[in-house]
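In structure tokens below, several structures.
The two complexes that follow have chain A in common; it is paired with chain B in the first and with chain C in the second.
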Partner chain A sequence: MDELKVIEIKKSIYESNDVEAAKLKKDMKDKHVFLLNLMSSPGSGKTTTLVKTIEELKSEMRIGVMEADIDSDVDARTILKTGVKAIQIHTGGMCHLDAPMTKEGIENLGIEDLDMAILENVGNLVCPAEFDTGATKNAMILSVPEGDDKPLKYPLMFEIADVLLINKIDVIDIFDFDIDVIKKRAKRLNPDIKIFPISARTGEGIKEWTDWLRSEVKFVKESN
Partner chain B sequence: MHEVTILVELVKMVEEAAKENNVASIDTVIIQIGQLSSIVPRYMREYYPNTTEGTILEGSKLKIEMIPGNGLCHHCDKVFNVAKNKGKCPICGADDWELLSGREFNLKEIVVTENKS
Partner chain C sequence: MDELKVIEIKKSIYESNDVEAAKLKKDMKDKHVFLLNLMSSPGSGKTTTLVKTIEELKSEMRIGVMEADIDSDVDARTILKTGVKAIQIHTGGMCHLDAPMTKEGIENLGIEDLDMAILENVGNLVCPAEFDTGATKNAMILSVPEGDDKPLKYPLMFEIADVLLINKIDVIDIFDFDIDVIKKRAKRLNPDIKIFPISARTGEGIKEWTDWLRSEVKFVKESN
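Up next, the complex of A and B:
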């Protein structure tokens, strides 16, 4: 019988992803392209918000979109109609994107001619928060029908998000949703988080959100 | 599904460690999962045999140690289990606390036989 030996490793599974994410982040910075990672539950309005965002910004910057939400090209086709370039990342039913997959998406999209690349992440508030994609900034959407208790249930997502978009405020009157409560709960987890209440349907709040995006893109463009 | 993604990553990490350490065969893989991470131990065990098939991990045992989700209360300095107490300090009722542990996913140790040299 061979002798058994214990080898101590003590390594986090997130470690290699974090290394890849840091590389991608630096690479994007060097190329002066802003990469936005957009996350939410399914149906919160990622695709609809992207369409409104692109319509607002496409005349002044070059945008490309990577769709990973569901493994069909429906969302990618919706984005293509706005006239910007878009690709579908085939995730094979995966529940999150990691940095190597994002890098592959970036290579397929081609970013040499872009100012901003956007990743529509898989619809899920849990594990996309655990896997850094290497994006310049993380944005999350919480829609009014989902309820204002979500920061209590998915704290990590609120902690890693740079921006919280509260979508579907056009229907706020028919839901028991308190904007002040959600702001307080989100800020407690993440004091620096930027919060924009929006309606991707009516366009309310889109200007404030795109003003923020515009200044971030400009910052990356002009940094060296 | 999430667990399969995680297992694929785990297999890579173990393969790497095996290469570095001149390992002949793997008897047991010992991992640590935080109580508040998105990983369900039951699914890890269920998918382990399939995901390790055809690798050096095939046939090995998976041992899981749980790490409790502990919070430190900012008001009374008490350490408490976050999940059990629904996110509120059980002593003073404050919900102003910081997480000390519970989100880990670590490859802790592997039990192996070595190649004879």
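Up next, the complex of A and C:
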């Protein structure tokens, strides 16, 4: 894939996002494609984590990435370098993606030849948590420099995430960040949340995180 | 001030935020109170920076703080400990404050006895940039761990900020963050932006930042 595809999406007019999300979820299931929605604040390492994740998995499964951004296309260009297919979705100023936007992204990306499609949501801990994209699973990243108080301030994001990646764990010694505290705060909001401390820079924890992805993709492939 | 005041603000129904923002701006000018709108991503250090700023300035001017948050009141409680007056504004899930919400905050805070009122906006690089709060000046924080590519991805925030505080400068050696690059990218979007590298943890750069605040507050006090 040589050309970078950029889609301009305007404010969705769908009345009921949840209905569309449920439809998309079913459609992905029927097509045996695992759709991951990855969310976080700006600068917590979504794209770097994706690059490491793709490098670990691309020899064993077919991956495609949708990069959502207000305006730029730097992230999609970074992903393209890994050799997997990627498109950029411009949200036209909107701070989240909803299910109709995701569906449009899926149609533009093309998923017939994929095992896993990944949606990198807009960098934001607030709005993306409020809109179900229709993804099979939601993952969020909280990076160590952001602080362990974030579940207190952005509870909905922690409630709707299936997985919490605690990134930049390699710099934990120089920040005031308590891993036991964050685990306790996240589990209080969401007892089932899976938590993986990782460093997208050093590769620490990427094995555990991608093992979880492997089993989820396998589950979707083999389900009827 | 012993009791923490919590205001619940529902979605604003004002049609034209800009009209309300201009009114509030004029009202603050007439009352000779400097209103600062402080914005950033979650976890970039808004509250810690405010605490350091207040400690530096509280003996020479009267300060009041409005802490906006989706739901919690941890930040307002932190500010109260500095001895200045502070209120918590709950945005009811909204990811920004607009001018009518700010006006309601100002009325609840009470500004007759203040030289400077500070609004700590919701942690978000997207939505708060889209709504003029009516503040005299806008300041934003970008912290080193978030990366120097943020002006490319969240340009509007850098365009509307009068001041860019580059926080967590004490850890710059362990992150891939180029101070010359960020300055160039920010100035390209906004040639007039003032840039102060700071560390709210060590106090580095706080003098330069508060000197700017001093001169702005003085200007508003002495203007007719």
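Keep this in mind: the second predicted complex is superposed on the first by the 207 of 224 C-alpha atoms of A that agree within 3 Å, B and C clash if a C-alpha of one lies under 4 Å from a C-alpha of the other, contacts with A are read in each partner's own complex, and residues count from 1 in each chain.
Criterion: a residue touches a chain if its C-beta (ideal position, glycine included) is under 8 Å from a C-beta of that chain, and two chains touch if they have at least 3 such contacts.
Computed from a predicted model, the values in this text were never measured in an experiment.
Colleague: When the two structures are overlaid on chain A, which partner does A:Arg188 contact: first (chain B), second (chain C), both, or neither?
Modeller: Only chain B is touched by A:Arg188; chain C is not.
Colleague: Touching A:Leu80, do we find chain B (first), chain C (second), both, or neither?
Modeller: Neither partner.
Colleague: Under the stated touch criterion, which partner chain does A:Glu130 make contact with: chain B (first), chain C (second), both, or neither?
Modeller: A:Glu130 sits against chain B and chain C alike.
Colleague: Is chain A touched at more residues by chain B or by chain C?
Modeller: C
Colleague: With the two structures laid over each other on chain A, which partner does A:Cys95 touch: chain B (first), chain C (second), both, or neither?
Modeller: both
Colleague: A:Leu152 contacts which: chain B (first), chain C (second), both, neither?
Modeller: both
Colleague: Determine, under the contact definition given at the top, whether A:Met61 touches first (chain B), second (chain C), both, or neither.
Modeller: Touch status of A:Met61: no partner.
Colleague: Tell me the contact category for A:Val171 with respect to chain B and chain C: first, second, both or neither.
Modeller: second
Colleague: Share the list of chain A residues that count as touching for chain B in one structure and for chain C in the other.
Modeller: Residues common to the chain A contacts of chain C and of chain B are 93, 95, 126-127, 130, 152, 156, listed in rising order.
Colleague: Where on chain C is chain A touching in the complex?
Modeller: Contacts found on chain C: 41-44, 69-72, 74-75, 93, 95, 122-127, 130, 143, 145-147, 149-150, 152-156, 168, 171, 174.
Colleague: Given the complex with chain B, which residues does chain A contribute to the contact?
Modeller: Spelled out, the residues of chain A in touch with chain B are 2-14, 16-17, 93-96, 126-127, 130, 152, 156, 188.
Colleague: Can you name the residues of chain B that touch chain A in the complex?
Modeller: Spelled out, the residues of chain B in touch with chain A are 1-2, 5-6, 9-10, 12-13, 17, 21, 23-25, 27, 37-38, 87, 95-96, 103-114.
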